[in-house]
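Look at the two complexes coming up: chain A is in both, with chain B in one and chain C in the other.
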Partner chain A sequence: MTASRTTAITTILGRRRRVGRAGRVLFIFGVAWLALLVLAAVFADVIPGLPGYEEKIGSFAQGPDLSTLGTLLGTDGVGRSNLSRIIYGARVSLMIAVVSTLIGLLIGVVFGMLAGYYRGVAEGVGTIVANTLSALPPLIMLLALVAAIGTSLWGITIALGVVISDIYIRVTKGAVLANAQREYVLAARSLGASDLRIMLREILPNLIPVLASVVPITMAVVVVVEGSLSFLGYGIPAPNPSWGGMIAAGADTIRRYPGVIAAPVITLFLTVFSFNAIGDYLGSRTDRRTAQI
Partner chain B sequence: MEPGEGIAARDAADRPLLEVRGLRCEIDTTAGTAYVLRGVDLEVPHGRTLGIVGESGSGKSMLLKSVLDLVPSTAHLSGSVEFDGIDVRAMPAGQRRRMLGRRVGIVFQNPMTSLNPVVSIGVQMAEASRFHLGLGRRAARELAADLLDQVGVPNAAKRLDDYPHQFSGGMRQRVMIAMALTCEPDLLVADEATTALDVTIQKQILDLLQRLQEERRMAMIIVSHDLSIVAGRTDEVVVMYAGRIVERRPTDELFRGTPHPYVRALRAAIPSLDTPAHARLATMRGAPPSVFDPRPDPAAAEIEDLARWCSALEESA
Partner chain C sequence: MTVVLKAVGIRLAYGIPVFFLVTFGMALLVDFMPGSPAQAILGDQATPEAVAALNARYGYDLPTLERYANWLAGLAHLDLGQTLFTREPVIDVLARRLVVTAELAGLALAMSLIVSVPLALVTALRQGGWLDRVLNLISSALLSIPSFVSVVLVSLVFTVWLKAFPATGWVSFVQSPLDNLRYAFLPALALALYETAFFYRVLRSDLVGTLREDFVLVARAKGIPKWRVIAPRHVLRPSLTSLVTLFGVAAGRLLGGAVIVEFFFSIPGIGGESIAAVGIKDMNMLQAIVALGVVIYVVLFILVDLAYAWIDPRVSVR
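Let's turn to the complex of A and B:
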C-alpha cells in the first residue's frame, strides 16, 4: 500500500508543476488569508485586547495606530475599532458565503443531476429553472427574495443560495451528461444498481473535482453580493457589523477620511481575490486530472 | 433465490440457459425510428460458448443490451427472452435487475471508461458482493482480493486501494473480469472485451476468459467484430447483419467452409500470411442497410443483402 500511495503522491506533485508557480503561490496566499480570517472570526471573543464591535475606543476616523490591537486599523466614523468590526463582520460574511454556497450546491446538484441523468422532461425543467435564474438581474431578484423572506441573516443566506444555484445546475448537468455516457455507469446498471444508487455512488464522486473548482468562485460572488446588499441597506440589520455596511458608512466620508473605507474595502478585495485564486488553482488541477483519466 | 427459480432449476439440464425468440428492438430518435434488432433467435446452452460476430452497427451490442435490460427507455422491445426458464421480460424491473445482476457477468469494451475513475478498485469490486450476496465490508474485500488474484493481478490485496488510472489497460480488463465474476454468474458476457487492447494482451485476456469459463462451467458469450477472436474459443458462432442473425454454425464448421456468401466475404477479407505485400483485400460494395430503413419486404431485403455480399466474392474471384 505504501509503495502505491507514494507513487500516487509523486505523480500528483509532478503534475502540479504544470499549474504554474504563480498560480500555486496565489493559492497558498489565498488559503493562508482565509485561514487567518476564519481563525480570527472564530476566536474573536477571546482574542486578548480586541475591543467589542460596538465599543467606542477613541475619537472618530483615527488613522492606524500600532500601539494597541484595537486601533491597528484605525477607527470608524463613530470611533469604533475597524479591526474589531472587520473580524466580527467576517463571521457574517464567511457564514453567508459557506451556507448559501451549500444551499446553491444542494439545489444545483439535485436539479442538475436529475436533468443530466434522466434527460427528457427533467432536462427541460432543469434548463428552464437555470435559464430563468440567470435571465433575471441578480441584484433585483435578490432584493425581491430578501423582501419576501425577510431581512434576516437566514433570509439573505437563502436568497443568495437560490441566486447562485443556476451555476451549479449547469455545471452539474454538464458533468452528469458526460459521466452518464461512460461505460462504468452501464457496468453498474448491469450489476443491478438502481438509478438512485448510480447517481449517488457512481456519478456524484465524479462531480466533486468539477464542483470543487466552482465552489470558491461562487463564494467570492456571494461575498461581493452580500457586501452590495449591505451597502444598499438590505443586508444584515444594524448594529451587527458587516463589510458592506462598513463600506457604505465609509463612503459618506471618503473625501475627508479615506482611511475609514480603506480597511473594509481591502479586506473584501483580499477575500474575494483569495477565493478566486483557490478556485483557479483547483480548476487547473482538476481539468488536468479529468483529462488524464 | 428468486421465486420461480427452483422450478426452473429442475428441468434446467435440457433447456438452454438463455433462449431468445423473435427479439425486436426499435428506438425512437429525433432522426426517426431506428430498427436496431429485426427479429433475433438465439440459444446459449449451459456451459457452452457462443460467439457473436458482425460489422459495426449490425446490432451485436444492442442484442446483448436488449437481452439484459440495459437499453434506453426510448427503446421498444418485443419478442421473448428466457433465462434459465424464467421469462425475463415479464419480470418486474427491480426483480429482473437483481436476478440478472447476480447471474450474468459482463465485461465491457473499453477498460478506460468501464471503471469509475474516482472510486478505488476495492470499493467498486465490493459493491456487487455487498449488494447481491449481502457480504460485510471485510468479507467483500477479501472476496475482491481473492478474485483479483484469480484473474492474475499481482499483489492483489495491496492493489485494492488503487484507483483505475494506476492500472494498465490489460490489468483494468482483468479487474473488470474479476468484477464480473463476483457473484459466480451462470453466464459471462464479453462485449468486445479485447478490442481496445493490443494483440498480445488480447490473447492473455482471451486465454483467461477461456480458463475461467472451463473452471467455473459458466456459459459465455463473446461478441466481436473480429472473426479471429471467436475462432477456436467458441462452440458456436452466429453472424449478425443489419439487426438479424444471418448465419449460425458450430465454430469449426464455420471456419472449415460455409456456403454463406456473407461469411465467405468476411473470410476473404482476412489477410493471410501468404498474401503478397500490397495486395488488395476483398471489399464489399456499398454500405450495410441503414438502421432507419424499415425494410418492410423481407424478400427485397434478402436480394439487396445478397447482392452486397456477393460483390466482394466477385471482386476476389
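Let's turn to the complex of A and C:
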C-alpha cells in the first residue's frame, strides 16, 4: 500500500496551502471559541447563576430567554438548562479529546521515532501497526469494545487514543526520516551522543511544529467519534450530559420541538470547525509533506 | 499483466498481516468481557447450564489461540459461525446487509461526484470569484458537520418541514425500485454532504495546481480555449490522482457501514447490523463485520494503486 498511502496522507495533510487573511481570521476565531469553551468547562461549578445540569429550571423546550443565565439557550425536552448541559458536556468531550490525543501522540512518537530512526525491522513493524490502525473503522471498533467491556470513560479514551495514533506514527516517521541525515544529527553523533539522546534531545524538538499541526485535527476526530458514540447511546453513561446525547434526545422530539437541537448542534459545529480551522492554519505554516510511510 | 499481478501480490503481502492482527484482536477482545463471555451476554439471571452451553457453542471456554484457529478454519470455507439469537449463518446475514450498504454507498458516491466535479472545474477556472469564495466557505463548513448532526438536519428539512420523503425504513430494490429510491435518497444525501465537500476541495486544489503546468500553457498557446483545456484530456485527468485516493477512502468508509446514517434511518445494512450486534453483544457478528471492513479496505487500496497507473502513465506499477 505504498504509493496510495503516501499520496493519501500527503493529499489530506500535506499540501502546503497558502492560507490568506481569511485563514488567519478563522484561526483566531477558533482559538477564541475553544478558549471560551475551556474556561466555561473548567469553571462550570463556580459560574454564578449557572444551574446544575440535572436541575429542572422551567417548562420543557423553551426558547432562549435572556433574563437569566440558565435560560440563555433555552431548555431541553425535560426542562433542564441547555447552557448548563452544554458546558458540563464540554468537560467530558474536551477531556477525552485532550487525553486521547496525548495517548495517540505518545504511541505515535514512540513507534514513529523508532521506525524512522532505525529503519529495517522497526520500520516494517511501524508500517504494519499504522496500516492496521488505519484499516480499523473507529466507530465500529469502539462499538465492539463497548459490547465487550461496557461503556467506560477510560476504555473509550484509551481506545480513541490508539485509533488516532496511526497518523502520528506516519507523521513522526516521515519527519524523523527527513531529519536523521541532517548536519545537526551528524554533529551530535560525532560528539558521541547516544541514539536515545539524539532522538529525544536533538530530533524530537524539531518534530514539535509538525506534530502540533496534527493535534487539532485528531482532536476534531475524537470529538466527532465520541459524539457519535453518545448519539448512539453507547457513550459516557447518564446522567452525565454529552453533546451527542443531547442531539439524540432532541432528535427524538424534533417533530414537536425542532428548536431543542439548535444549541448542541451549533456548539458541536463551532467546536469541530474551530479545531479544523486551527489545524489548517498550523498546517499551512509547517510542512507536513514529509508524512510518508 | 504479470507486472500487475506482481503488484497486487506485493500489496496483498502488506494487507494480510493487517487482516490477521485485526481479527485476532477481535478474538482477544472476548476475553476481556466481565465474567465469562456467555455470562456477559446472557446477564445475571442466566442459569449456569445456559451459560455453559453458550460458552461451549462459541468455544468461549477454549483458549484464545484455539478459538481463533477455529475461526480461521471456518473462514477457509466461508463459515463465520451463527448469529447469537436467530442462529442464522453469519455469512448469509452479512451478504444480505452488504447489498443494502453497497447500494447506499454507490448512490452517495455518485451524488458526490456529480455535484463536486463540475463545481470544482468551474471554480478552478475562476479562482477568487464569488462562487469560489462561497463554495470554499460552504465546503469547509460541511466538513465540520458530523454525520450524526447531518442526519438530524436532513431529516428535519425533508421529512418534518417538506414532508417529501419517508422518515425511516427501507424497501428493497427488487420489491419496488421506485420506493427503494424514495427510501434511499435521504440517507444517501446525508452521506453525500460530507464526501461532496471533501471531493470538491481536493479536486479544486489539484486542478489549480495542474492549470499552472507548462503543458497547459502550451495547449492554451496553441489556441485551445480555456474551457476545452480543462475538459478530460489536458487538465482533468492528471488532476484525478488525489480524487481517486479519496474516492477509495470514502468508498471504504461507506462500505464498512455508515453506522450513524443506517442507525438513524433504520436501514438494514452493515452499519445498522453492527448497532444491533452491539446491543445483544453478538461478538461473532462484530468480528465478521470488522473482518469484512479490513478486506474492503485492503481491496480498495489495491484498486486505487492500480488506478494511478491507469490515470497517469508516468506512474509505474511497482
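What we mean here is this: the second predicted complex is superposed on the first by the 261 of 293 C-alpha atoms of A that agree within 3 Å, B and C clash if a C-alpha of one lies under 4 Å from a C-alpha of the other, contacts with A are read in each partner's own complex, and residues count from 1 in each chain.
Keep this in mind: a contact is a pair of C-beta atoms (placed from the backbone, for glycine too) under 8 Å apart; a residue touches a chain by one contact, two chains touch by 3 or more.
Please read all numbers here as calculations on a predicted model, not as lab measurements.
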item	value
First (chain B), second (chain C), both or neither touched by A:L153	neither
Which of chain B and chain C A:I247 touches, first, second, both or neither	second
Which superposed partner A:E202 touches (first chain B, second chain C, both, neither)	first
Partner contacting more residues of chain A (chain B vs chain C)	C
Which superposed partner A:R182 touches (first chain B, second chain C, both, neither)	first
Partner chain(s) touched by A:A262 [first = chain B, second = chain C, both, neither]	neither
Partner chain(s) touched by A:A40 [first = chain B, second = chain C, both, neither]	neither
Touching partner for A:L69 - first (chain B), second (chain C), both, neither	neither
Overlap of the chain B and chain C footprints on chain A, listed as residue numbers	1, 3-5, 7-8
Chain B partner contacts - residues on chain A that touch it in the complex	1, 3-5, 7-8, 182-184, 186-194, 201-202, 205-206, 208-209, 292-293
Touching residues on chain B, where the partner in the complex is chain A	68, 70, 94, 97-98, 100-102, 104, 106, 108-110, 113-119, 127-128, 131-132, 158-159, 161-166, 176, 179
Parts of chain C lying in touch with chain A, wherever the complex brings them together	11, 14-15, 17-18, 21-22, 26, 29-30, 32-34, 40, 140-141, 143-149, 152-153, 155-156, 160, 202, 205, 241-242, 245-246, 248-249, 253, 256-257, 259-260, 263-264, 271, 274-275, 277-278, 281-283, 286-287, 289-290, 293-294, 297-298, 301-302, 304-305, 308, 315, 318
Contacting residues of chain A [partner chain C, same complex]	1-5, 7-8, 11-12, 15, 17, 127-128, 131-132, 134-137, 139-141, 143-150, 220, 224, 227-228, 231-232, 234, 244, 247-248, 250-251, 254-255, 258, 261, 265, 268-269, 272-273, 276-277
